[in-house]
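Labels run A, B, C, D, E, F, G and H following the written order; every chain starts at residue 1.
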Amino acid sequence: MTKPYIRLDKDNAAVLLVDHQTGLLSLVRDIDPDKFKNNVLALADLANYFGLPTILTTSFEQGPNGPLVPELKEMFPSAPYIARPGQINAWDNEDFVNAVKATGKKQLIIAGVVTEVCVAFPALSALEQGYEVFIVTDASGTFNPMTRDAAWDRMSTAGAQLMTWFGTACELHRDWRNDVEGLGTLFSNHIPDYRNLINSFTTLTAGK
Amino acid sequence: MTKPYIRLDKDNAAVLLVDHQTGLLSLVRDIDPDKFKNNVLALADLANYFGLPTILTTSFEQGPNGPLVPELKEMFPSAPYIARPGQINAWDNEDFVNAVKATGKKQLIIAGVVTEVCVAFPALSALEQGYEVFIVTDASGTFNPMTRDAAWDRMSTAGAQLMTWFGTACELHRDWRNDVEGLGTLFSNHIPDYRNLINSFTTLTAGK
Amino acid sequence: MTKPYIRLDKDNAAVLLVDHQTGLLSLVRDIDPDKFKNNVLALADLANYFGLPTILTTSFEQGPNGPLVPELKEMFPSAPYIARPGQINAWDNEDFVNAVKATGKKQLIIAGVVTEVCVAFPALSALEQGYEVFIVTDASGTFNPMTRDAAWDRMSTAGAQLMTWFGTACELHRDWRNDVEGLGTLFSNHIPDYRNLINSFTTLTAGK
Amino acid sequence: MTKPYIRLDKDNAAVLLVDHQTGLLSLVRDIDPDKFKNNVLALADLANYFGLPTILTTSFEQGPNGPLVPELKEMFPSAPYIARPGQINAWDNEDFVNAVKATGKKQLIIAGVVTEVCVAFPALSALEQGYEVFIVTDASGTFNPMTRDAAWDRMSTAGAQLMTWFGTACELHRDWRNDVEGLGTLFSNHIPDYRNLINSFTTLTAGK
Amino acid sequence: MTKPYIRLDKDNAAVLLVDHQTGLLSLVRDIDPDKFKNNVLALADLANYFGLPTILTTSFEQGPNGPLVPELKEMFPSAPYIARPGQINAWDNEDFVNAVKATGKKQLIIAGVVTEVCVAFPALSALEQGYEVFIVTDASGTFNPMTRDAAWDRMSTAGAQLMTWFGTACELHRDWRNDVEGLGTLFSNHIPDYRNLINSFTTLTAGK
Amino acid sequence: MTKPYIRLDKDNAAVLLVDHQTGLLSLVRDIDPDKFKNNVLALADLANYFGLPTILTTSFEQGPNGPLVPELKEMFPSAPYIARPGQINAWDNEDFVNAVKATGKKQLIIAGVVTEVCVAFPALSALEQGYEVFIVTDASGTFNPMTRDAAWDRMSTAGAQLMTWFGTACELHRDWRNDVEGLGTLFSNHIPDYRNLINSFTTLTAGK
Amino acid sequence: MTKPYIRLDKDNAAVLLVDHQTGLLSLVRDIDPDKFKNNVLALADLANYFGLPTILTTSFEQGPNGPLVPELKEMFPSAPYIARPGQINAWDNEDFVNAVKATGKKQLIIAGVVTEVCVAFPALSALEQGYEVFIVTDASGTFNPMTRDAAWDRMSTAGAQLMTWFGTACELHRDWRNDVEGLGTLFSNHIPDYRNLINSFTTLTAGK
Amino acid sequence: MTKPYIRLDKDNAAVLLVDHQTGLLSLVRDIDPDKFKNNVLALADLANYFGLPTILTTSFEQGPNGPLVPELKEMFPSAPYIARPGQINAWDNEDFVNAVKATGKKQLIIAGVVTEVCVAFPALSALEQGYEVFIVTDASGTFNPMTRDAAWDRMSTAGAQLMTWFGTACELHRDWRNDVEGLGTLFSNHIPDYRNLINSFTTLTAGK
C-alpha cells in the first residue's frame, strides 16, 4: 500500500513552456504580474541552469495573442520552437510531440498560460501517454483563483504532480554540494527574501 | 497506471442548464454578479456556437424561485424545457432523463444554481449511470466559497471533471483553424481582456 | 468504472451533534459567529423536521468548555445525551457508539466543534466501521481556514462526503411536493435571501 | 458649522472620460474585468441618458496604450475628442480645458485609467480652478487596491467627492417619477441583481 | 483646538430606517446576509429598547424593490411610515422631513439600503440642515466594499459620524446600571459570542 | 499652514488599558488571537519599560465579561485599578478621570476592547478635555474589520492619532543609544522576525 | 470498501522537525509570524509532553539559512541533531534515516520550513518506505498560500495525512482523564482563546 | 474655498530613502516581496532618471538591521549617505537634516522601512518644518496592512500626500514629449503589463 515517490530527476526531465505570449499574459489575474514575471523567468533560469531540454511553443503569434515573451526566446536560442498554426492543445501538434519524444525524457515539467487550457490539455495528453508530469503551478497563470482551483483538481486527479519553481529546483538539485554557488545565485536572483539573507550574511562575514 | 484523458468531444456532448432562475440567482454569492451573468451567457453562447444539444430545466417557476432567466429561454427556443413539478434533483424527473437520453450523447456539460444541489445531484446521478460529467464551475453558483469547495470535493471525488466555460470551449474547439472568427467572437464577447487585445491588434493592423 | 451515488436517505440517516458547547464556540474563527449560529440551528431544525434520530454529546461540560448550547438541548429534549467523561473522540465512548447503533441507521450526518477533532475523529472511526458518513461542514467550526482545509482533506480522503446543511436538507427531502410549506419554512428561517424572495412573492400574489 | 451638501445637478454637470484605452485597460487590476467593463459602460450610458456634455480624451493612441475603447467612441459620436499629444494630466492640454469650459458646467464627473494619474491629476487641477469634482471610482481603475487607496486619499483630501456610477445616476435623477422606465432600463442593463428583480416582478404581475 | 465630543443622547435622538425592502436587500453584497439581517434587527431592537422615535420609509414598494421587510413593520406598528412616491433622497420628501422635525430631536441615527444612496443622500441633507448625523454602518448595505468605502468617505467628510449598532447602543445606554438585564438581553439576542459568555456564566453561577 | 508634529514624549505620557477582560476578548475577531495577545503584552511591556504611569480599568468583572487578563494585573501590581461599577465610557467614572489627572501627563496612550466603545468613548472624552490622544490600534480589538474602520474614522476625525505598539515604542525611545539592549529585548520578545534577525546576527558574530 | 482509520498512537510515533532555522523563517509568508512561532513551539511542547522521540535537522547552518531556532535546541537537548552537509531532502541523509529507524516508530509526525521542500521531500520518501506520515501543516511554512496548496496536494495524494498541532495533540492524548492538567496547560499556553476560557472559569469557581 | 494643487515639480524635489536594509526588509509583510523589491528599485530608477537629489540613510547597519540593500548603494554612488548612530527618526540626525537642506528643495519624496516609523517620523518632522511631503507608499513597507492603514492616516492627516512610484513618475514627467523613450523604458522595466503592451506593439509595427 506504499506509494512510490515519483521524483524529479535532472537526467530524465524536459521543460515545456507553453504560450507565454505578450498578449495572453494580460489574461493572467490569479497571480500578481510582478510575481508572475519573476516565476516564469525563474523557471527559465532553472531550466538553463540544469541544462534541461526545453521546448517553446506558441499559439497564433501573428494575432492578438502576441509574440513569445522576448526574454524566453533569448534564453533558449537553440530550443525547439513550435509556433502552432491552430492546435489549442500543444499535444495535438505533431511537431511538438516529436520534439518532446526527441528529448528522450520521461519526466515533463510543464508551465504555461492559461493554466486550464495551455497547461492542462498537454498535461492530460502526456499522462495518457505514460509520461510523468510535473506542473509548475506558479509559472502558470489564468483568469482567477477559481479557474485555477478547477484546473489543479483536474490535473491532480489525472496524476499530474503540482509543483512550484522553487520545489522543482530543489528536487532536481538534490544536494547543495553539487554546486552551492549556482543554486544560491538562482535563489538570490528570484527570491528577494533569500537575497537579503545572503547580503546580510556576506556583509557580516566579509571581514572574517 | 496511465490515466486516460477523458476529453470533451463536440460530437458527443450535451449541455444541461439547471435552475438558472431569476429568484434563485439572488442566492449566488460565491461569484460576483457581473461576472456570473457573463459566465452563464458565455456558456449558453458556446452551447449554441458548437450546436450542442441543450436541455433547460427549472424548479418551481411559479413560486419564489422565479422564472428562467429570459436570455436563456430566448437563446434556446427549441430546446427541451423541463419545468420540474417538485423534484429537486433533475435526474429524478423522468422527462429530464429522457431528454438527456434522447440526445444520444455520453458527455454531459452541467451548470446550474445552486452548485451543491442543482448541479451536484444530477451530476452524481449521471456519473452513476455511466455518463462522463463535466461541471462548468464558473457558470454554477452558490451561497459562499465554503459551500462551493465542499460541493466541488464531492463531485470531483465521484468522478466529475471540474471545468470552466473557457476551458470547455477550448477543449471542444480543438483547433483555431476550425473557425477563427467564430471562436474569436465568442471570446471577444465574454472576456474583456481578450476583447482589448483584439481591438488593439485590429487597430494596429488596420492600415497594413 | 462508474461511481455509485451514495445518497442521503431520510429513512436511513441519523444526526450526531458533537461538542457545540458555549465555551468551545469561542474557538471557532473560520466562520463568522452570526452565520455559524444560524448554520448550527438550521441543522438542528432540519434534524427535527425530518424526524431523524439525533444524538447529542459533550466533552467536559463542567469545565471551561462550558455547557451545551441551550437551544440544542431544548430542541432535542428526548435525544440521547452523552456527556463524555474524558474521551476526545466520541466514538471511543461506548455509550455514544451504542446510541448510534441503537438508531439502526447506516448513514451518519455529523457536525461539531472543532472540525479536525470533534468531527473528524468520530467520522474516521465511523467510516472504519462501514458507516456512510456525511459531514455538515458549515455547522462545524474550527480555529481558522487552514485548519479546516486540512481537516476536510483528511475526512474526504477517508471517504466522508462533505455537505452543507442546505444540501443535506435538499438531498433528504428529494421532492418539494413531499411538503412545500415545511421545507419553505426551514429555508425562510435560515436563509435571509430566500426569506426575501418569499416575502416579495407573497406580497405580490397576495391579492391575486 | 454645518456642511453644505454639494449635490450633483444634471443641468450643471459634465462628464470627463479619460484614457479608457484598450492597452491601458490591461493595467487595471483593482477591479475584476467583467465588472469594470460593465461600470465604464454604465457610466457612459448614464451620461447619454441624462444628456450630459461628455468629453473624451486619450493619451498616445498610436502607441502601446492603444485606441479608445470602441464602444465609447460609438456612444459619443459628436463629443469633443482630445487625443493628447503628450500631456499626462489632461488639464495641461489647452484643448481639453477649453472643451470643459465650453460646456459651461461647474460640476465635473470624472473617470479614467489609471486612477492615481489620469483621474487624480485633472481632478486636482479642476479643484484648484474652483470646479466641483465628483470621481466615479468604480469606472476608474488602477494597478491594485493599495494604489487606489492612496489615490482616493489624495483626491478626497483635496475636496473631490468619491462616487460610484450608481450613486451618480441616483443623485442626478432625483425622482423616479421623472422617468421610471428610463432609469429602470439603465439599472436593468448594468445591475444583474436588479434585472432579476425586475424579471421576477414582471413575470408575476404579467397576468394581473 | 480641542474637538467637542458629539455624543449620542437617548433623549435627543431619532432613528431613520430607509428602504430595507425585500427586493433591494438582494443588492446588498458588502455584508454577509446572515450578519446583515442580524444587524438590521439589532438596530430595530435597540430603537425599541431605548424608545427612540423611529421613522420608516420605502421607495416604490409596489414595484421590484419589494415591500418593507415584514419584521420591521411589525416592530414599529405606530411609527411614521412614508412610502415615497418617487423621491430617491428621502429628504426630498416633505412628509419624511416633517416626520423628522416632529420628533423634535437633533440627533439622527440613520441606516438603510443602499448605503451610498438611500443612506448618504438623506445624511448629507440632514447635515446641511444642522442635524447631528450618526450612520449605523453595519445596518446599511450596498453592492460591494469599494462602493461602501466611497460612501463612507463622502459622509464622513461631510461631518457624519460612522457608528455600528453595538457602539450606538453603548453610547446611548451610558451606564449598565441603568438596566443590566435589558441591555444584556439585547446583546445576547444579537451577539452569539456574548450569548455564549452569558450562558457559560449563568451555568457556572447557577448553583452558587 | 504647516502642521505641528504632536509627538509622543516619554516624560509626558500615560497608558490607559481599558477592559482587556477574559470574556470580552472572545468578542475580538478583527485580529488573530495569537497576534492580539502578543500586541497587548507588547504594549504592557513597553509601558513598563518606559516607566509610563499606567491605569487599568475593567467593566463588570464579576459578570460574563470576566476578570482582567491575569498577565496585565501581574505586570502592573501597583497601578491604579478602577473596576467600574457600570459606566461604559471609562471617562464617565470619576475615579478613572482622577487617576488620569493624577498622572499629570498630557499625552494619553489608549488601548482596549472593544475598539469602538471601550477605546473610542474615553478617547473622544479625553480629546474634548484637551489631552493629546494616541490610540494603540493593534492592542485594541473588536468584532470585525468593518467595525474597526468605522471606529478609526470617528477617532481620527476627532483628532486622535492612530498608532501601533511598535511605532509607539519607537517614538517614545527616540534614540537607540538611550538603551540598545532594552529596546532590542522588547522587540525580540514580541516580533518573531526581529528575534530571528538577532539570533542570526548573534550566531554569526559570536566567534568574532 | 471501508477505509481503515490510521490513527496517531503515542507509543508508535516520532517527531521530525526539519529546518526551522532563523534565516529560513524569513521566507515563511503563508502564516503570520506570531501565529507561526506559536504553532512551532506548540508542536515542540507536545512532542516533549508526550515524550515522543524527536529528531532535529538543519540545512547549511553556517550559511545564510541561519542557526536552528534556539528555543528548539533548548527544548530537545538530547535529541538527535543532524546538521546536513548538503542534502536538501533530509531523507537523503543517512544519519537522519538512521535516527528515524532508531526510534523504532512507524508513525512520523513531520513539520518544517519550507513546506514543499523540507517537509514534502522527506514525507514522500518516508511514505515510499512504508511509514505512516502525518504532516503538522500549521507548524510548516512556505512562501505563500498557493505554494502551500500545491504542496499539500502532492503530499495528500501520496498518502500523507494533513494534521495541525492541536489535532495531533488530541489524537495522541485520546482521553482527557489521562492527564487533565497537562493537556490543559499545553492548550492554555498556546491557544489564547482557551486560556481565556480557563481564566474565566477559574475565577468564577475559585471561591466555590 | 478651492484647494491648491500641490504638485510635484522635478526642479524642486528631493528623494529620501530611509532604512531599506537587508535585515529590516524581512519585517515587511504588507506587500509581497517580489512586488516590493520592484517598487523600491523603480523609485530609485526614477530618482536617477529625473536627476533628483537623493539622500540615503540607515539605522544601525552593523547590527541585525543589516546593510543597505546593495543595489541602492550602487545606484547612488555619490549621494549623501547618513548611517545614523542611533536616532530612530532620521530628522533627529543633524547630518540628515543638513543634507536635506543642502538640496535646496522644498518637496520631499519619502520612502522607507518600516512605514509607521522610518517614513512617518521624518515625514511629520518635515511637514512641521514647512516642507511639502510626498510619501511613496508602495516603496514603503511594514508589518501588516493594519499597521500601514494607521500610518497612512497619521501622515495624511498631518498633510502628507500619499503617492505611488508610478504616480510620482507621471507627475514629475508632466509630458511624454519630454522624453518618450526614457519614461517608456522606466515603465517597461518595472511594469510587466506595460512591458507586454510595448512588446506586442513593437512586434506588430516592426515591419511597418
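Assume a contact is a pair of C-beta atoms (placed from the backbone, for glycine too) under 8 Å apart; a residue touches a chain by one contact, two chains touch by 3 or more.
Fair warning: this is a prediction, and the values are worked out from it, not measured in the lab.
Trainee: Quick check on the contact graph: shortest path length from chain E to chain H, in steps?
Mentor: 2
Trainee: Select the interface copy of D-H from among C-E, E-F or B-H: the correct pair shares over half of its contact pairs, counted by residue number.
Mentor: Matching more than half of the contact pairs of D-H: E-F.
Trainee: Please tell me whether C-E or F-H has the greater number of C-beta pairs in contact.
Mentor: The comparison resolves to F-H.
Trainee: Between chain D and chain E, what distance separates the C-alpha centroids? Give it in angstrom.
Mentor: Once rounded, the distance between the two centres reads 31 Å.
Trainee: I'd like to verify one number: the distance from the centre of chain C to the centre of chain H, where each centre is the average of its C-alpha atoms, in whole angstrom.
Mentor: Once rounded, the distance between the two centres reads 54 Å.
Trainee: Whole-Å distance, chain A centre to chain C centre, using C-alpha means?
Mentor: Those two chain centres are 43 Å apart.
Trainee: Please set out, as single numbers or ranges, the residues of chain A touching at least two other chains.
Mentor: Within chain A, residues 23, 26, 32-33, 66, 191, 193, 196-197, 200-201 contact more than one other chain.
Trainee: In their complex, what parts of chain F are in touch with chain G?
Mentor: Listed in rising order, the residues of chain F that touch chain G are 22-23, 25-26, 32-38, 66-67, 69-70, 191-193, 196-197, 199-200, 203.
Trainee: Contact residues on chain D for chain H in the complex?
Mentor: 23, 26-27, 59-60, 63-66, 85-89, 92, 114, 116-117, 120-121, 124-125, 127-130, 143, 146-147, 149-151, 153-154, 157-159
Trainee: Touching residues of chain B toward chain A in the complex: what are they?
Mentor: Within the complex, chain B contacts chain A at residues 1-5, 7, 31, 137-138, 152, 156, 161-164, 166-167, 170-171, 173-178, 180, 191, 193-194, 196-198, 200-201.
Trainee: Which chain C residues qualify as touching chain D in the complex?
Mentor: 197, 200-201, 204-205, 208
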